[in-house]
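Listed after this line are the structures, all set down as structure tokens.
Shared chain: chain A. Partners: chain B in the first complex, chain C in the second.
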Partner chain A sequence: MKRIENRFNFFRILCLFVALLFALAPVYWMLTIALKTEVDQFAIPPPWFVFTPTLEHYYDAFVTRAFGQYLITSAIVAVTSTACALVIGTLAAYALARFELPWRLNQRLSLWILSTRMFPAIVTAVPLFLMMRDVRLLNTRASLIIVYTAFNLPFVVWMMRGFFADLPRDLEEAALVDGDSRMGAFVRVVLPLVAPGLAATAVFCLIVSWNEFLFALVLTQTDAAMTLPVGIAGRVTQYEIKWGVMSAAASVAIVPILVFALALQRYLVRGLSMGAVKG
Partner chain B sequence: MKHFGGTSVVDDLSLEIHEGEFVVLLGPSGCGKTTTLRMLAGLENVTSGDIFIDGERVNDIPTQHRDVAMVFQSYALYPHMTIAENIGYPLRVRKIEKTERATRVNRVAAMLEIESLLERKPRQLSGGERQRVALARAIVREPRAYLMDEPLSNLDARLRVQMRGELKRLQHQLGTTTIYVTHDQAEAMTLASRVAVMKKGRLQQFDTPMNIYNRPANRFVAEFVGSPSMNFVDGKVDAGIFVSDALQIPLSGFANGSKLTIGIRPEHIQVLSEPHNAAIAATVYVTELMGNETFVFLSVGSNKLIARAPADFRAELESKVWLQFATDKLHFFDQKNQAADNTD
Partner chain C sequence: MPKSRRFFNAPAKRELLLPALLIAPAMAVLLSLSIYPLLYSVTISLQQETAAGINWTFGNFARLASDSFFWTAMAHTFVYAAAALTCEFLLGLALALLLNSQIRGRGLFRASLLVPMMLPTVVVGVVWRLMLNPDFGAINGTLARFGISTESLTWTASPRLAMLSVIAVDVWQWTPFVFLVLLAGLQAIPQEPYEAALIDGSSRWQTFRHVTLPLLKPAILIVLLLRTMDLLRVFDQIFILTEGGPGFATETISLYIYRTAFRFFDFGYAAAMSFVLLALTNVISVIYIRFLSHR
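Now for the complex of A and B:
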């Protein structure tokens, strides 16, 4: 028995290792490109581990060009749109989960909200451009915040409604009888109990907003309003592809999400698996 | 004083409850007793009728302002808060400041002997401890009334009996009006100053436990209260004798030919091993030795009866015995299963 177990274990570890390699290899490559001189970048065979590192690309990205600006823009847009979507979406989800509306509106509204995510986003690219132009919001962060909130809302509502529905009504009723207002009961009793769900939803919204490319490209063309993805893609110029700058910027771009996800890791696992077990 | 009237799940219910009373709503599952309680708390809407608390109509007053405390069947303790925070929650919501909150929480915890648990979380507590925390949370507010929804049903039998006694003492100490929902007739009998027996949303009888036991208003109440249950024999009155198969009892005061159901409680049937003049012959179906007494299951023709016998009573299966009914303890029910009076 033990020998078979050991072999299984070894096989499992081997598979995990290979999978990890697949996942992390591109990241490693990107990091090294960011730190290599252009000569090293194109050398064959590539110097895998031994090379003289240089910070020229980082300098190029953040000092010479406006990547620092892009970073701040991306951060503001992602955080604000996530916060808006969470607040509005969570309250809507609570109402849909807890209050009995006439004409089966609970189901109908939920389905309708989800349906807004069912068509390809690119279909709305041109209409949104025209709308934003008409209200003079082109090339502003506000336009992106509005659009990202709109796209994140259905997801937030759908996820949170599930978490609220799973919560037994007893606890809110007890809070009401104890003298709390509906909102008070919501904040003090309900929210702490769905915190894992909130965290999982928040991380997902942040990632989507942070990486979003299409609408950022359509709605923002100036340095002041551009987000990181657009900025990085812009390094593909007519004459050459500036791999070094791109990689340097990209390596910085993944850090905030990583940090956030690690910080909320505890909640993330609970939040994601809670949804799975619900069934 | 509380006075309220009903809806369709609860049909035409009118009760007047006095200050300091312990009223038990008793009935089988689905009889509307929990719905009634929730209407009182404001957690369900009243379709028609009024609820008055202290003379004030509260139908339109939301739950949080009704100043009643509720103990739920599932206890509904807030899992993410410590026991002290759980108990202190009603005070915190009323913005009572910290030191006074702590004093009151500690005092209530001492009353219920749960001081050692104050810093723990609900999931670390046993069923009995959680139940006491739920009680503490209700008491700490000093509300106008307590509403309890089968608070003892999740406890094991021994703990249930123990907590029953403690609840009764507690209510006596505090003197607050209490409305208690249960399907356990023993709880109703032991705790209540008055019992409201309900069936399918309708009130069957509202009286003191002893009156409900000794003078049930109908067959349902008679059968529901008392364990083992009352014996019922359906039959007819024929020339001054009640006849049901092999069972015959001389009976006056009822019209000749009237259909009747006789009810008699197990403790009012005396089982004799020797024939006696007026005794009815019966066969032993089975005996149950309870330790302090013996339950004897009997057949009299097609009728099955249960009798209580002294602890040392023994009889073989299928053996013949003789029964003596305490005739002053007979209950009569007419064809509509309502209590009928013996005009004797």
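Now for the complex of A and C:
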């Protein structure tokens, strides 16, 4: 019996290692392409480990070409839209979690807000393009900030509603009894307590905005306004592809995501399932 | 009524103003940027530009019936979604069951598995264009080293293998997500039913079939719902990997709508098609939610 258990354990660990290899090897491969000279890039058989590293592609991408600018745009758009969505969404979430509204509006509004997030992006991309064209916001960072705020808002409301609901009411009541105003109790007592949840929600919004592609592709086509994903995609679909430059840019695009994802492990399941699974 | 409830309800009249003020900004944003665009889309889908001006017509919707490209794109979308969903679910479930016990380094393993799903989809596209490139890609290079002929394996450039390739990439990226959610579901299952099953002398399979699976059902339905919605609207990876090609081999409905709107500038027809996609995702999510509330 013991031997069977041991064999099963060995099999299990083997499976996990194979899964790990499958998950990470492709990303590693891209990182090597970013660091290889063109000779090594096209070598057959492909060198996985032994090659002379070079930073020329990074120089080419971020100094010679406009990828540095795309990077800045991506950061500005992600941070600003996240901040807007957090402020607007947290207030709404607090109201939905803590006040009894008439006509069962708590549930109805929450579900309606969630349903706006369920639209396939391409459905709203077409009219949003035309609307932005009408107000002359095409090819501006503002257009993306506006669209991403609306896109992240339902997510913030759902996540924060869950975090507020997890908090006992007694603390707020104590603050109110002590003479605090409603909003005073919210700012001084409730917000500090949900700070970890707020941070996790913010990181999710940052990741979503940083990664978003379709709206960015539709709304920004100039060097001054396009985000990093659009910039990378533009290089892929060109006739002659600069593989090193593309990989260098892509490897930079994943750095903030990896840092965030690791910081976020505890909340990952809850966030990815819109709060449906508490994980 | 518990004390806190009464406290939060009184005085009833004045308590409406504050929540209304708190919710108003969110409502304003969603009405203007989600609902208004949808209505705007309805109007453009019902319009056709002619020499005489703008006509109100159902022409865009009528065109759908005879547009074979539209139906082919629909079929591609379904093939893509069904194949990827099946693989991701089975692999994710297997991994979750394997890892639902104490193994050293589990945290590290979980963190590494997260990498594919957190990547920007554009980067996923780049990674796999590099992997699958027939000339210098790692896949063919490695196969060749083992003496396997790779001449016909042109992956995304081959009409036969392109669909398979884009499905495999989706499976690579999203299996970890299914795994994570199912693992969270598994860990929320209490120990008692397992002890009872052990006492009853159930086999491993019986325990899985009659204890684990029913208790895991909510998590399963949620993950399937979320994945189905994402798969039906897939755009980014395919756009980077194949742009819907070669020919039309991997064109899904979102790509076809994109092309119609932003390459051919036929916004009315694109809007009409997008409503078919919207209706489809709505119907499917309603079915899932029915199942979910019937547990």
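Annotations
Simple rule for what comes next: the second predicted complex is superposed on the first by the 241 of 279 C-alpha atoms of A that agree within 3 Å, B and C clash if a C-alpha of one lies under 4 Å from a C-alpha of the other, contacts with A are read in each partner's own complex, and residues count from 1 in each chain.
What we mean here is this: a contact is a pair of C-beta atoms (placed from the backbone, for glycine too) under 8 Å apart; a residue touches a chain by one contact, two chains touch by 3 or more.
Since the structure is predicted, the reported quantities are computational estimates derived from the model, not experimental observations.
By the touch criterion stated above, A:157 is placed in contact with chain C alone, chain B being left untouched.
Measured by the number of chain A residues touched, the leading partner among chain B and chain C is C. Residue contacts after overlaying the shared chain place A:179 against chain B, while chain C stays out of touching range. In the superposition on chain A, contact of A:192 is made with chain B only, not with chain C. In the overlay built on the shared chain, the residue A:247 is in contact with chain C alone; chain B does not reach it.
In the superposition on chain A, contact of A:201 is made with neither chain B nor chain C.
Look at A:171: by the touch rule set out above, it reaches chain B but stays clear of chain C.
Of the two partner chains placed by superposition, A:110 touches none, neither chain B nor chain C.
In the superposition on the C-alpha atoms of chain A, the part of chain A touched by chain B in one complex and by chain C in the other spans residues 170, 173, 176. For chain A in complex with chain C, the residues that touch the partner chain are 12-13, 15-16, 19-20, 22-27, 29-30, 33, 41-46, 48, 88-89, 91-92, 94-96, 98-102, 109, 113, 116, 118-131, 146-147, 149-150, 153-154, 157, 169-170, 173, 176, 182-183, 207, 210-211, 213-214, 217-218, 228-229, 232-233, 236-237, 243, 246-247, 250, 253-254, 257-258, 260-262, 265, 268-269, 272-274, 276-279. Per the touch definition, chain C reaches chain A in the complex via residues 4-5, 7-9, 15-16, 18-20, 22-23, 25-27, 29-30, 32-38, 40-41, 44, 94-95, 98-99, 103, 107, 109-116, 118-123, 125-131, 135-138, 141-142, 144-145, 172, 176-177, 180-181, 184-185, 188, 219, 222-223, 226, 229, 232-233, 235-236, 239-240, 243, 254, 257-258, 261-262, 267, 270-271, 274-275, 277-278, 281-282, 285.
Chain B meets chain A in the complex at residues 41-43, 62-65, 67-70, 72, 74, 76-80, 89-90, 93-94, 137, 141, 147. Of all residues in chain A, those touching chain B in their complex are 168, 170-171, 173-181, 184, 188-189, 192-193.
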